[in-house]
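The following pair of complexes shares a single chain, chain A, combined with chain B in the former and chain C in the latter.
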Partner chain A sequence: MRLAVFGAGSVGRSVAELAGEFGHEVVGLADSSGAVVDDGGVAVEAALSTKDETGTVGDGDPADVLEADYDALVEATPTTLGDAEPGFGHVERALKRDRHVVLANKGPVAERYDNLMALAADSAGEVRFEATVAGAIPAIATIEDRGPENVPAVRGVLNGTANFILTRMAAEGLGYDHVLAEAQDLGVAEADPSFDVQGTDAGLKCVILSNLLSGGGFSLDDAEVAGIEGIPGSALELAAEDGRTVRLIGEASREGVRVGPRLVPEHGTLAVSGTINIVQIETRHGGRMNLSGRGAGGPETATAVLADVRRLSR
Partner chain B sequence: MRLAVFGAGSVGRSVAELAGEFGHEVVGLADSSGAVVDDGGVAVEAALSTKDETGTVGDGDPADVLEADYDALVEATPTTLGDAEPGFGHVERALKRDRHVVLANKGPVAERYDNLMALAADSAGEVRFEATVAGAIPAIATIEDRGPENVPAVRGVLNGTANFILTRMAAEGLGYDHVLAEAQDLGVAEADPSFDVQGTDAGLKCVILSNLLSGGGFSLDDAEVAGIEGIPGSALELAAEDGRTVRLIGEASREGVRVGPRLVPEHGTLAVSGTINIVQIETRHGGRMNLSGRGAGGPETATAVLADVRRLSR
Partner chain C sequence: MSDEAEADYRAYTVRLELEDRPGELLAALEPIADSGGNLLSIFHERGNITPRGHIPVEVDLECPPDRFPVIVDALKDAGVNVVQAGAERYGEEVVLLLVGDLVESDLSDTLSRIETCSTATVVDFSFAAGGRGGDDASARLRVAAERGTVQDAIGAVRSVAAEKDLVVIEPAGTEVAA
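And then the complex of A and B:
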């Protein structure tokens, strides 16, 4: 397929870099301040080197990428809340041109799902968003293949940063601030970690899952979200005495969305370690499925984008 | 979709029973000695009651089901080795009629993959076989969506009977024969358990996975298979002293197929309990994915068949 990639952060970069290996061609690549468009195929390595040197992939207008001759737009700009712009506008333009859209940006799927599906209904293009939930893990495809109507509920560990912090605190008996600083040193937590540790990121993922199960109707405002900020080491010690540990668990169903720290069995399925994510899918007739793997990272999340592109090609 | 279901054991029955709920219609249902065909939709409950009373679903000729007006044939007759007949012949007839085929029967996919794919290449029908590996778990779809060429290896616990026996032996300190008898009482093991405990069943599933990764070339003869028959309780005790346990692990790659008892960490990902299965998929760029869930059972395996049917409808 011919891909236009909007966003050149870690996921957008990886999609552009891996596209050729997966049999696709990048005909446009944009970041917030510049772009390259080439119907004959963008020279991806050169564009990314230009970005490393100059801060942008090229001297084109980012908007021109939306008008390029692509089959699918990969929307990988940073997640924004509320109106989910500018990502939503990019998606809108692609669908109005009857092109497919593959999202890594959670904003449009979590905050404006109903608008998104209305645009998709009027378009010959299809919308896919595997990469918005749990990185490399095939949560969305599995729910789709089983039929969202056959899935009463989904829960899981959906934020690797928060899980890393909880895992290290429990394993080493260290305090929250100490482990957070360590996570920041390792690049596992951002300088401003609030999006992850306050539960917002996990909340958005659960909103997306509830939208998928329900056919829409949810946004972050509907979610009951608590994070792990400042959780005391003593809470983890008490849990351990009882053979349990604490995980930031997200829960999505047709009834609502909840995210918060929960006690889980220490060696149980939900107690994944470090930055690993797990998605537990309850199904009618098929029982519970557990899908775990790398929930973040450029190449890992790019493989979910490219799996969506492959499903579009079927 | 209009389905013809060949085989009315636990999986075939469940497919027929659940088809309506999943939006499909059963136009033919056969077991080895009889059949019902109805272009207007088979009365499934009545046919299954007839089977309970008389031993067969109806007084039609099973071969007539293959000529019914269906979109997809569900092949759910018992797995046979070698020429994989009569299942292979059913599949051949459907593909020659340009109909889709969804297999729950492992025989044709493990023993005659190359023949099967040659028939599919000449047919407008597509062949799918999610239900042949690990019951409800979406192993095949995940490998397909990621691209078999991006999966160097797959391993896992693929036989619930063997896993139940090993789990109980380790947890209770009981001997092999005692636990096998218990498993037979519970219906977890067959009266003749050799297919499961000798590793044949897990071997067939790994052969199917290696065929998927390689595009063919493998049959059970190429697999190195050891089972758990008569494994001594002392082996499990020794493992436990070292924080490990024993699992019957199957390994599939382009290089070959191996199945045998292996030491795994006691609380590790592969040490699933009881009849649960787990499939570990190594991916290029996306890391390792773990998919666990119910690896057997009529309704569970039927959901995999119906997920395949849904993928055909896309």
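And then the complex of A and C:
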């Protein structure tokens, strides 16, 4: 497939780098301030070197990438809340041109799912969003494959940063602030970690799951979200007295979305360690399935994007 | 989350006194299972022989309420000495954490309010004072409730906590201890 990649952060960059290996061609690559478009195929390595040197992939107009001759647009700009712009506008343009869209950006799928699906219904293009939930883990595809109507609920650990902090606090008996600082040094937490530790990121992922289960209707405002900020180390010690530990668990169903710190058995399925994610899917007749793996990272998330591209090319 | 039909099962305790003879215990348990009861636990107090030389046995079982008299009758018909029957016990437990200014918000009042707001009983409790680097205090509560009422008990904890500005860390959806 011919791909246009909008967004050249860790995910967009990895998609562009891996596209060739997966048999695809990148015909446009844009970041927020520049772009390269080449119908004969963008020289990805050169464009990314240019970005490393100058801060942008090229001197083209990013808007031109949306008009390029591509089969699928990969939308990998940073997640924004509310109107989900500028990502939503990129998606809208691609669908109006009857092109496929593959999202890594959670904003449009979480905040404007109904608008997104209305655009897709009027387009010859399809919308896919595997990469928006749990990185490399095929959560969306598994639910679609079983039929969302056969899945009453999905829960799991969907934020690696929060999980890393809770894992370290329990294992080392360290306080929240200490472990957060360590996570920032390691690059596991961002300088402003609020999106992760306040539960917003996990909330968006659960909203996307609830939208998938119920055919829409949810946005972040409908989610009950609590984070892990300020959880005392003593809470983890008390939990351990009973063979339990604390994890930031997201729960999505047709009834609603809840994210918050929860008690789980210390050696149980949901108590994944470090930055690992787990998605637990309840099925009506097939019982419970657990999918765990890497929930973030450039190549991991790009793997999910490229799996969507592969589904589109079938 | 399970879609198994949840019949209205309740937990009961039956106290029996058995003669100290091989096979007595099995003979006492058979009528329970045969009459539709689920055995939950058996506490066989061999070291605690009654003045009449019998061994007290405490049997926890669960069954629909209308089956319970049938089970007691079956035991009596089988010649088992039933000392006490029908004291309803708690069927489910849940462990919760409370985080916040527990002392200032009157911990003992918090615990007694949880008990008055529901059929639940706080059966175990531990507490860690805050302070380290300004950390909040936390408490671990093990709450026992009659089978089928654990969600009500969690609801009671949530509402008391909300009023007192405490954070409740509850079990993940399916981890309610059976």
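Everything that follows uses one rule, which is that the second predicted complex is superposed on the first by the 314 of 314 C-alpha atoms of A that agree within 3 Å, B and C clash if a C-alpha of one lies under 4 Å from a C-alpha of the other, contacts with A are read in each partner's own complex, and residues count from 1 in each chain.
The rule is simple: a contact is a pair of C-beta atoms (placed from the backbone, for glycine too) under 8 Å apart; a residue touches a chain by one contact, two chains touch by 3 or more.
Note that the structure is a prediction, hence the values are computed from the model and not measured.
By the touch criterion defined above, A:235 reaches chain C but does not reach chain B. When the two complexes are overlaid on their common chain A, residue A:136 makes contact with chain B while staying clear of chain C.
In the superposition on chain A, contact of A:146 is made with chain B only, not with chain C. Within the superposed three-chain model, A:290 lies in touch with chain B and out of touch with chain C [touch as defined at top].
By the touch criterion defined above, A:270 reaches chain C but does not reach chain B. Within chain A, the residues touching chain B in one complex and chain C in the other are 288. The touching residues of chain A, counted against chain C in their complex, run 152-153, 155, 175-177, 226, 230-235, 237-239, 241-242, 244, 246-247, 249, 251, 260-265, 268, 270, 282, 284, 288. Touching chain A in their complex are the following residues of chain C: 1, 3, 95-97, 99, 126, 128-130, 132-133, 135-140, 142, 167, 169-175.
Residues 14, 18, 22, 136-138, 141-142, 145-147, 150, 267, 269, 283, 285-294, 297, 299-300, 302-304, 306-307, 310-311, 314 of chain B are the ones that touch chain A when the two sit in their complex.
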